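In structure tokens below, several structures.
Two complexes follow with chain A in common, the first pairing it with chain B and the second with chain C.
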Partner chain A sequence: MRGKIGIIRALLYYRYGFLFVNFFKHLGIEYLLSPKTNRELIDLGVKNSSSEVCLPLKVACGHLLYLKDKVDYLFVPKIIYPYGRLYTCPKMMGLPTIALYLCGKEKVISPTIKGNFFLPLFFLGLKFRKNPLKIVSAYLKARRKEEKKELVFDNKNLKIAIISHFYNIYDEEIGSFLIETFKKEGFSVYLKDDLDEKILKRKEGFAKNIRWAFERELYNAFKYYLDKVDGICFFFSFACGPDSLIGEMMAKEAKEKGIPFLTIIFDEHSGKEGIITRIEAFCEMIKRKKR
Partner chain B sequence: MATVYIGIDVGSISTKGVVLDNNFNVITYEYLRTRGRPVEAVLNLIRIFKERIGNNVKFGGVGTTGSGRRLASVIVGADIVKNEIIAHAVAASHFYPNCQTVIEIGGQDSKIIILRNGIPVDFAMNTVCAAGTGSFLDHQAQRLGIPIEEFGKLALKAKTKVNIAGRCTVFAESDMIHKAQLGFPIESIIAGLCDAIVRNYLNVVAKGKEIKPLILFQGGVAANVGVREAFKRELKEEIIVPEYFLVMGAIGAAILAKEETNGYESKFYGFEISNYNFETKAIECDGCANRCEIIHTYRNEELIDIYGDRCGKWSGG
Partner chain C sequence: MKAAFPYIGYHTFALKDFLTALGAEVCLPPPLTKRTLELGAKYSPEMVCLPFKITLGNFIEALEKGADTLFMAAGARKCRFGYYHYLQERILKELGYQFRFYPVSQYSPYEFIFEKMPQIFAVSPTQVLKALYLMIKKSELCENFKNCLRVIRAIDYQRSLEFEKEYLKKIENAKRIKEINILNKELKRIRKNWLKENRIKLKVGLVGEIYFLLEDFANQELEKELGKLGVLVLSKRSLYSRLKHLLKIEKEFLKIYYYAKKYLAVSPGGEAIHTIGETIDFIKKGVDGIIHIFPFTCMPENIVLHSLEKISEDYNIPILSLSFDEHTSKTGILTRVEAFLELLKRRKRNGNSIYWN
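Take a look at the complex of A and B:
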């Protein structure tokens, strides 16, 4: 196989993008990464997907359509579970199928990933390159991660933990403005993915019951931050079933501990102004409490 | 020369203003319809205050709140711009220091604020849907040809009650029409509507919140006795509607303005602004795919504010 591969800057890109992009890079395969989400991409996705799904998935559809005519292949892995038999959400698993319908069968490459990333990527690599050793070395090089810095909790500023999926909070059009808004109010912001893997993958207590990989991470992050910050903001997409369940659990526990907890649900109709008003009020509330 | 503090609350439906003295007593207040023209409403407010209290006062501070708070602050030169949740909480705990719950239903939003020891500890606001807020009541009153002021009183006259779906305004309306066509008297239908609004509020906005006495009910809808009574029945608690329930947000803004200026000079441009000519122009920036709408505000053809860009290319920050 020859040609350019398209990678969407959406959903799991924010967790596994470095692996995918670098794998193709080290193999010397030409690739195109879709741009950062913007209004046009969202509109494109919203127009061309089911109205029942969550915004992040609609955004992913927008990215797919953006890349459709610019590349020869679209790389949409089907990640059933990223690790430890803990599943991703059904909509994420369904994305490759959606891609087939949106972009055509011959375009979509979707290796199935069940905990193991190496083998599916290796076999995919074989379709493009003959030398297996090169593929292994490209994978090993791509896998190298940057070390996470140890979190420091200073007591200079008030602290807020934003509990949200990486594809929501790191997406500049969906949730990045939350971080800015809290910073503007003078808060230090801590995110779920600032935490070490070991903390996120913990199995103790209620977390053990959660069978969705990323929900367990959210809950573990919440538990970890609960007694370390002045407030917690849970930011999730309308129509996200798993999040709404975990959200209720978190809200209940935060209330018992007396930690201010703000739930923000967004979709393509929610204006930023309304969300900013809530955040401002929430910050003000915490400040007044501390006085 | 007496020092006064001005609070302005620009909402979706109405614009409220209040003038307080140094001890936070209300000197005068006004409630106007915004009618989709917030700039005009704010200037009218200033004009009315100018007529009522004259120029022989010192301005201690001006605060703006409500969904139009930013625009209002640019026009008048406010000392503080605060969101309506904090403004309502501050005003409520000023008049009733032992208040623990504030129910606020305005034109297009409804919120609940939970206070403990005079400090807001939790709040919630309706999100995308405005079912059960003032504009819906307004619309129904208009449709039935009843002045909105009479609407609540009619509900009290109901002998029987009708169950109306309150989740969605569209369904509520068709439900009301259907019940009328079955032959239920209008009072019963209105009483049913008041119940539906309260049910919707308690199940959607106030869901999971601990509603403890003292309970204040403020905002435009608090004028509706039917809704007041429905709240009383549903919560089985005394509901207090403060004397200035219409302008509590504005009062809060004025109190916050005093906190902010703390004796220093106010940034307020003065009553003269009511003679100025304000204009806003919107352009769509084509610098990137975000296509931000940039709002330019002019005072007597002089550009005083640019707002709306995300990158800071226009507003310089």
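Take a look at the complex of A and C:
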């Protein structure tokens, strides 16, 4: 097989993107990464997907359609278990199915990933390059380990924890402005992905019952931050199934402990200004409570 | 022990008999009404799907009536349904009710038979197996009854009302395997006799989420309305087929899985495989159209929507997808269904073309 591979800058890109991109880079396969999400891509996705799915999936559909005519193959892995037999989410598992119908069966390459990233990528590499040793070394080079700094809570500023999925909070069109808004108000912002993996993968209490990998991480992050910060902001997309249940659970627990808890639901129609106003009011409330 | 569980259409009888056979006193909640839905929607998270709200309302009404032990299906996997009971238990406790809550996992039948049920009711596994057999038989009876009712509804709506009343009583009172077998044979015979008349104009396959297919209240009595319009509804999902599927003795599943595999890259959980497989099965058996029903924001069924679009193209058959939430009005749904049936009739007249000739 020869040709250009397209990778979408949406959904799981924000978690496993560096692995896929670097793997293709080290193998010397030409690839194209879709641009950062913008209004046009969102509109494109909204037009071509079911009206009841969440915004991140619609955005992913937009990215797929953007790449469709520019590349020879589209890389949409079927990630069923990212690790330890914990599911991703029905909608993420549905993305390869949607890609089949949006872009045609011949174009989509989707290796099945069940907890193990190496073997599917190795067999994918064999289709493009003949030397297996090169593929192994490309995978080893691509797998970088980011060293996380230990979290230090400074007591100068008020502290806020934003609990949200990585594909919402790191996407500049969807949720990145949230961090800036809180910083402008004079808060130190703590995100889910600042925490160590050991904390995120804990199996204690209610977290043990959650079989969605990323949802368990959210809940563990929430539990960890609960008694360490002054306020918690839970940010999720309209029609997100897992968040609707676990979010309610978090809200109930925060209420018990008396920690301010703000739930923000967004979709393609929600304006930034409305959300910023709500955040400002929330910040004002925390400040007054502290005084 | 006053046990209660959420309604699931006619199959409530089967579950009731199962609990009665194990020695529990069953306290059925009052029939589903608008109040149930309002109560449920008031205390549930706003973004959750409709079955959560209806079953929560059901539990509240059962507790008001005096139930003290609640049973709910569980089993956390890909779909949201497996997580219902964690939140429901918490919400009900916060409302101040006193009760015991038993989530029953769907995916471990052996634990269910040999550990869970004997522990709760203090009976032997043999008794559980006997009760389980009774439940399976009864749910088969309920399925036969529903199939029979569908045929009569499509041909003579007034007669079907009398038939429903008469046989619901008989089914409720049939407590022994012998009686159930006799009724089963009788219902099959009646269905055959009605089908002989050959007066059915349209056949429509009903697929989708299982709770919506079983519970008439949830789907705004769609089947009844279709029957009024003279349409024969075909549907395969029932508690009987679900129980067989969970006990891994469902014969049809292989065929359904084979059909569905072509149209799904990964199974997104829930009823996705059954929805797609049954759709293709119905099309191959020669229905005029497919109606697909699911709760608003249902995760697996929304992925299935994309596959159904493709199936509709490939087999040249109209598919209508309807999503329901607590604000859905019956009139709105009916208007869309009537327009859809009009299209089916025109297609039939003009030989599978929707245009005027």
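Going forward, the second predicted complex is superposed on the first by the 291 of 291 C-alpha atoms of A that agree within 3 Å, B and C clash if a C-alpha of one lies under 4 Å from a C-alpha of the other, contacts with A are read in each partner's own complex, and residues count from 1 in each chain.
We adopt the following convention: a residue touches a chain if its C-beta (ideal position, glycine included) is under 8 Å from a C-beta of that chain, and two chains touch if they have at least 3 such contacts.
All figures in this text were calculated on a predicted structure; none of them were measured in a lab.
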item	value
When chain B and chain C are modelled together on chain A, clash or fit	fit
Touched partner set for A:Phe24, first chain B, second chain C, both or neither	neither
Residues of chain A touched, compared between chain B and chain C (which is higher)	C
Partner chain in contact with A:Phe182 - chain B first, chain C second, else both or neither	neither
Chain C, chain A and chain B - angle at the middle CA centre, rounded to the nearest 10 degrees	80
Partner chain in contact with A:Phe117 - chain B first, chain C second, else both or neither	neither
Partner chain in contact with A:Leu41 - chain B first, chain C second, else both or neither	first
Chain B versus chain C as contact partner of A:Phe166, first or second or both or neither	neither
Touching partner for A:Ile98 - first (chain B), second (chain C), both, neither	second
Which superposed partner A:Tyr73 touches (first chain B, second chain C, both, neither)	neither
Which superposed partner A:Arg278 touches (first chain B, second chain C, both, neither)	first
Partner chain in contact with A:Ile265 - chain B first, chain C second, else both or neither	both
After fitting on chain A: smallest Cα gap, chain B-chain C, Å	5
Residues of chain A that lie at the interface with chain B and also at the interface with chain C	265
Chain A - residues contacting chain C, complex	49-50, 52-53, 78, 80, 87, 89-91, 93-94, 96-101, 110, 112, 206, 209-211, 238-249, 252, 265
Contact set on chain C toward chain A in their complex	44-49, 76-80, 82-84, 86-87, 90, 94, 263-270, 296-300, 302-303, 305-307, 309-310, 323
Parts of chain B lying in touch with chain A, wherever the complex brings them together	67, 82-86, 119-123, 125, 127-128, 208, 288-291
Residue ranges of chain A in contact with chain B within the complex	35, 38-41, 173, 251, 260, 265, 267, 269-270, 273-274, 277-278, 280-282, 284-285, 288-289
